[in-house]
Amino acid sequence: MLAFILRRALQSIGVMIAVGIIAFTMFRFAGDPVNQMVAIDTTPAQRAEVRASLGLDDPVPVQFARYFINAVQFKFGVSYQFRQPVSALLKERMPATLELATCATVIAMVFGILMGIYSALRKDSFFAKVLQAVSLIGISLPTFLIGILLIYLFAVTLGWLPSFGRGDVVKFGWWTTGLLTISGLKALIMPSVTLGLFQMTLIMRLVRAEMLEVLRTDYIRFARARGLTTRAIHFGHALKNTLVPVITVAGLQFGSVIAFAIITETVFQWPGMGLLFVQAVQNVDIPIMAAYLLVVSVIFVTINLIVDILYTIVDPRLRATINRPA
Amino acid sequence: MSVPVLSVRNLRVEFASRRGALRAIDGVSFDIAKGEVLGVVGESGAGKSVTGLAAIGLIDPPGRISGGEILLSGLRIDNLPPEQMRRIRGKRIAMIFQDPLTSLNPLYRIGDQLVETIRTHLNMNETQARRRAVDLLAEVGIPAPDKRVDAYPHEFSGGMRQRVVIALAIAAEPELIIADEPTTALDVSVQAQIIALIKRLGRDHGTAVMLVTHDMGVIAETSDRVAVMYSGRIAEIGPVRDVVQNPLHPYAKGLMGAIPTLTGDASQRLVQIPGSMPRLSAIPQGCAFNPRCSFAFDRCRVERPEPIAVGAQQVACHLYDPRHSQDHAHVESVA
Amino acid sequence: QTLRYANQGDLKSLDPYTLRETTTIAHHGQVYEGLVGRGKDLQIIPALAESWETPEPTRWRFHLRKGVKFHNGDPFAADDVVFSADRVRAKGSDFTTVIPADAKVLKIDDYTVDFVLTKPNPILTSQWDVWYIMDKKWAEANNANAPTPAAATSPSFASLNANGTGPFTIESHQPGVKTVFKVNPNWWGKPEHNLKEIIFTPIASDATRVAALLSGEVDIIEPVPVQDIARVNGSANAAVMAGPELRTIFLGMDQIRDELLFSNIKGKNPFKDIRVREAFYKAIDIELIKSRVMRGLSTPSALMIAPPLFKLSGDFARPKYDADGAKKLLADAGYPDGFEVGMDCPNDRYVNDAAICQAVVGMLARIGVKVTLNAQPKALYFAKVFKTGGFNTSFYLLGWTPGTQDSHNVMHDIMGCRDDPASPRGATNLGGYCNKQFDALTDQVLQETDTAKRDQLIKQAYEIAAKDWAYIPLHQQALAWGVSKKVKIVQRPDNQVLPYWAVKQD
Amino acid sequence: MTALVQARNLKRAFDVSKPWLNRVIERSPMEFLKAVDGVSFEIKRGETFALVGESGSGKSTVARMVVGLLPPTSGDVIIDGVSMSDPGQASARKLLRRRIQMIFQDPYASLNPRLRVDAIIAEPIRAFDLIQGERDIRARVGELLTLVGLHPDDGQKYPHQFSGGQRQRIAIARALASEAEFIVCDEPTSALDVSVQAQILNLMRELQDKFGLTYLFISHNLAVVRHMADRIGVMYLGRIVEIAEGHELFRAPRMPYTRMLLGAVPDLAMSGRARIAVSGEIPNPIDPPSGCTFHPRCPEVFDLCRKVVPDLVDGVACHAVNKLIAPPSEAVPAARR
Amino acid sequence: MTDAPLPDTPAPRTPSLIARAIDSDIFYSFRRSRLTMVAAAIVFVLLMMALFAPLLVVQNPFDPAQLELINSRISPLWTAEGQRPFLLGTDEQGRDIYSAILYGMRISLVVGVLGVSFAAVLGIGLGLIAGYVGGAVDSLIMRIADVQLTFPAILIALLIDGVVKSALGNHLDASTTLIVLVVAIGLSFWVQYARTVRGSVMVEKNKDYVAAAQLIGLPARVIMIRHVLPNTMGPILVIATINLALAIITEATLSFLGSGMPDTMPSLGTLIRIGNNYLFSGEWWVIAFPGLALASLILSINLLGDWLRDALNPKLQ
């Protein structure tokens, strides 16, 4: 168990180093950072000075080490657009994105699992077919279209919900939350639904498929042969076995929720990291892009690690076999 | 004889498919008395498992029982509402499946699975149920049952798992156990142990057993009577000794001759039935066995034979129809 | 009252000398003040200076307002003016032109400051409404003596904090997200607004911005995309405040390089041929652009300056749209089959900028010129085409509002020769149009104090430019603010949204 | 006549160690599963040698080593004088290849579902370049199909269109295609029904008579083995514990394990044989018992059995049977953790 | 030989390929699902429309010379202000929406198909190598895949777009953008193929038919390509179909975010982005029809993919 966690942790570190290399390469080689910083009329001598002061003359491994050490301390340089330290910008934006992503994931998980169970257990019912159709539409409509539609409907036509931004937020240290104010909650609804919809349909389809699979297994047949109640079979046996793989996928999904937040945040002008990133891409603000990459992968890797550990806790087979090669 | 524990009357089971309804079981009838072990043999696809599943009411769509009736100690059960049927399952009829490795939910301790079953059917509280669980494990021969009760299925070997499955099956002391190839996945040495266990349990509790298997040897060792199935029908049924030593149906004859034994003449060619069992979608007219049968005559190709009593045996073959002009002697010389 | 306001652009830096850009300047105007200000009709009015006079043509004397305090409580006095005058001219400032580099700033007493010039400058104060006075003590204490250059690699204190004398203070500033202004209770003036707080949100997306106004989430948006004006006016709770803007949108051509950077013509520069420039001019059907792209909300222009800013503008008329003539001109110039050229265009700066460019591309296609359009966000666009990017363009669209509200700025900054790298002349002349005769007139205009004569000089210069087909002026776009019916606000043609004239009812 | 096939002290261990990190943290050593641990036998030309044993006893591993699909950890297989592992005999081995073929247990997995049957059968012919010309190859494939009781036109179909028995016939046809002399059959009928099994067993015997084939026949079914084999080796946990002529073995099994196995087979004849009670299950092969690996289940176990691995003497590896023969002096208790 | 002809193999016949296809389970399940047939029809029609777009349109929407500003903002034909020949109306530049949709769909499909093909080739190649070679190579490839999985397609595509822009000095012309999109999609979608192929290879390579091929001395390469690869193709087909839909979404999203096709050569996503600006102004057709086209294209492809997955899944039969 310890070895397993350790190995996963080592792998995570490996992933982070790989991402770090990519981020560094972008930062260092995609466009000359000096050119981005100095004015056009800066003399070559001055440029060289800036270059030296930034340590760009050092051997590349040294530079990478420095970049990495700085990154570990959450120092990612200065944004070309905003002329502010990237870390400050990210820190400011992170709560918005995390709140949105968490909310979306919760929506996706709760509804996705419920709908998945329903459509697996009542797979021939009319409503299950409706759900199935809706889920297909859900994965077929691009997120931005859904967002636009929602805005048109609920903000413009009906005027029920705000169309952009986070509403009023409450500050706790550097963390800001919109969960404590009415306007913050209202503002959260549409973006998190938009963001969660895709994941929800994904989870629903996964749960449905997984559950149907489980319902076909011998141990479910055997449970029925033992005369257990349908409830005990469906919600005791089938559900637990269904949810084990769903956990992993859902964990992985949280990572993509954060990435998909890019679109949602753009559509709803949600002041999160995704919006920052899109602006950075449009304005070729490499430091922000590189830092975003790192931060997102840290979040992702951490979640993965947690999910892996969770997985071994839930599944007794793994606890035993984890130490065996696959 | 008193009312049989299980009485199957003219059972038909169909599976809906793109080529229409396929009849997997087509008019099967048999009884199992209290304390009796009925062996069911036949080639793969003969309908053994489906018969067992039909008896316990677990035929799932696209399959359905399309005819006949099933009686449990005189009570008709094939048309019971699902909830009532559920109460019977596990309590009065138990079933053991082929693969012990997949029959247990890997996420639950075996104790929990036992307690769950016990409490579903018997009015016991948690501690009583747990005590019974330990007793059951002891009964099926699990060493140190009070410790093993908290183990997960993957911590058991295949043979031990099948013992657990059996413990689960007898948890509520059912009248009938349907064992669908309980030993096929196990090694010979373990198989012998499990067979002995089933036999002992049947004897001790007076439970009726329907033992489904491919292995004629297992049947010969275990059963009181045997049914030989072919293509969804019973070709021959009778006391085990009679059927094994004096099979009547050409298929049963062939089957017995095709089995290599530990005693016969090893240098001799095995009896060989040409071809293989037809698919459900292509069951021939008349007797399903007629294309492979060297005694087939015209009637076999058009008319389906009904079971005919010959001594203690019943055989579904026109050769034994008293109206059939040929005499028995001719048939005797098959092997 | 809380006023919520959304703009397409953002407040880029809190240092008032970093960026000379309308949205940024306007925001600073809530917080900082200059010696002079501009009134609702753009007239120069006293602000931190109560009055001023010119004892000699080259000496300007300013009498400072007494009892004014900065937001942090520091009193405002002459030292701050002298400090600000130095700071605004220091390297890194984007406002170096507001005070001649060789001018001397003298503190006479705590409340009197003299500006001594080497040459007379009748329009000295014309840009001073955006030269905001900073607190010397505060700046020095916080190590913010030098202005924060736009290209700074690390933010200075002044770029993250503000300390002015104006009617509002900055409560919080999150770049790209939100800036909150709070009313300054100690402001020296008499507020004409009834606001407690201004919440400013940049919303880049047109649709979202309009939606925010329509749903009542914000009270003011700028700009309203022209296509949505009808919709906003049709809504129950908001209306569009439209008005003429002083910004002139025009096209420029690289006529300085010997070979275009982005063209298939090698070894020569077609734009050096006056006939090509004329052909381009005549190929563009500005009326169609007005009616279709701008939905009527533009004023086609014959000049590089808006008519309100130049009395004699009526003397100029745009040459007629003439595609056949243009084609012939091109053929005469040796390009009967046209040529290929790359065009740079911002896509988030001016009203329908990218759409205008696309329309231009289509119109030029009709005379055989194949234009490859590179429309990009303003930040990238400016970085590419401006001096800092090395004037890296062959053909471009730009908009210009003379900060002085005067032709001289246009003639000097965007039409003057840029051949002398040491001189600020032609700093924004991206195409490098150069006519020495024109430059001479520009210099005369600066010093001429007689308005009528001055206008004649300007007219002469514009005539030269027209004859040279130096630029292709397109139009003045219309201002379009979306304003909630609860809010009354004054709209100035320079498009600064200044909420200190806003009144909001419940 | 010398033996066609000789297996000499074949050993094969699989590395089943935990990952490196686990070993470091848990201080556990590397672990090897000795799937085959010193197996020797000979097969004469034209005879059928069978290996029986329960699941996991190493039968398939031996089979794969014999045909060269799996390199032995140590030991060697010599076929017709050519070593299957000596690098010096590579070219001779190449020629040998086509004379060795294999028939697998699962007729569903041993035929490539994407290839037509004639392509499957023709593959060895083409690979060994036995026949040139499409038409001749087709003719040969038809001939082979007929030989195994199928119709030549069946070559046009895909494997999934055949029943299990028919597929196994196709597999046999493929083995015969390269004119193999020695065929290793790894449980060729255990996936088949008895009636079909009889067809296949009969067919195999017919072909043996016709072509003088040599079989290594592997099965866990003693009755089938008895029917097919001239000589039989009984395997238990990677070792041959008893090896004997077929009728000998069934008439007078000597090793207690053999006796137990025979006893466990359900008796169709209902002869009421006396049998040894079956006890226990096969131990974990990664951590087998010390000494004679059968000792925990053996009714005749005594001290020596727990310490010393018995050698195969006179066809039996059992201390109880070979009691009179003193253990070799150099024999030390097998090192065990 | 005593073997009689086998009863369930009647007179051997060699059905033609078409006959076999029609008889197959897959075709059967296809014919049974009306929804799938509708979806297939839609995909087919849209595909044909995109393929023969130049013959079906009233103008080439990518050629600025063919756009008449005078024809801008015409509403669809059936509305009061509709004008011939602009069936679905025009946008602000006088671009015929119907023509733009066909051309935009071409781009979407080209990007989708090329991107998916790129991903498939890359993924299948790496998966084969990883599965067959195993060991360190396998670990390396799979770890790279893990890293890759960390970043969803959109993110990778945006990053690539940003980096390329930075490298090319802010200037991307339409064809470069197209390549960037294809590469970005290819690079972000390969993992699924690699994993699937690797998994299948691991399973297939232990099957006895591979052993049989080894026995006759076929080289590893031949075994991989002739025997193993074809048997891994079922799931690949399913993934490719579903990925095609995803790739089209990704392209549209990128274009919507402004990192995709430029306004002068609009894809469906670009059209929607442009149309988004007219959402409130009553010019609904500028966004509605491209949106509808995109949604129905993706939905139909997804429906096909769903059906294909079920049809190829033996467990569901």
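The chains carry the letters A, B, C, D and E, assigned in the order they are written, with residues numbered from 1 in each.
Simple rule for what comes next: a residue touches a chain if its C-beta (ideal position, glycine included) is under 8 Å from a C-beta of that chain, and two chains touch if they have at least 3 such contacts.
As the structure is a computational prediction, the values presented were derived from the model and not from experiment.
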Partner chains shared by chain A and chain D (touch criterion as defined above):
B, E
Count the C-beta pairs in contact for B-D and for A-C, then report the pair with the higher count.
B-D
Remotest chain, chain B as reference, centres from CA atoms:
C
Could you find the chain whose CA centre sits the greatest distance from that of chain D?
C
For chain B versus chain E, what separation do you get between their C-alpha means, in angstrom?
51
Rounded Å distance between chain B and chain C, as computed from the means of their C-alpha atoms
92
Separation of mean Cα positions, chain E and chain C [Å, integer]
47
Shared-interface residues of chain A (touching two or more other chains) are 148, 156, 266, 282, 284
At which residue positions does chain D touch at least two other chains?
163, 166, 199, 202
Do you know which chain E residues sit against two or more other chains?
2-3, 5-6, 8, 170, 258, 276, 279-280
Touching chain C in the complex, chain A uses residues 37-41, 78, 81-85, 89, 92-93, 148, 151, 155-156, 159, 162-165, 266-269, 271, 275-276, 279, 282-284
Give the list of chain D residues in touch with chain A in this complex.
16-19, 21-22, 24-26
Contact footprint of chain E on chain A as seen in their complex
11, 14-15, 18-19, 26, 30-31, 136-137, 139-145, 148, 152, 156, 213, 216, 252, 255-256, 259-260, 262-263, 266, 277-278, 280-282, 284, 286, 289, 293, 296-297, 300-301
Sites on chain A touched by chain D in the complex
2-4, 6-7, 10, 323-325
Residues of chain E that touch chain A when the two form their complex
143-144, 146-147, 149-152, 154-155, 158-159, 161-163, 165-167, 170, 245, 249, 252-253, 256-259, 269, 272, 276, 279-280, 287, 291, 294-295, 298-299, 302-303, 306, 315
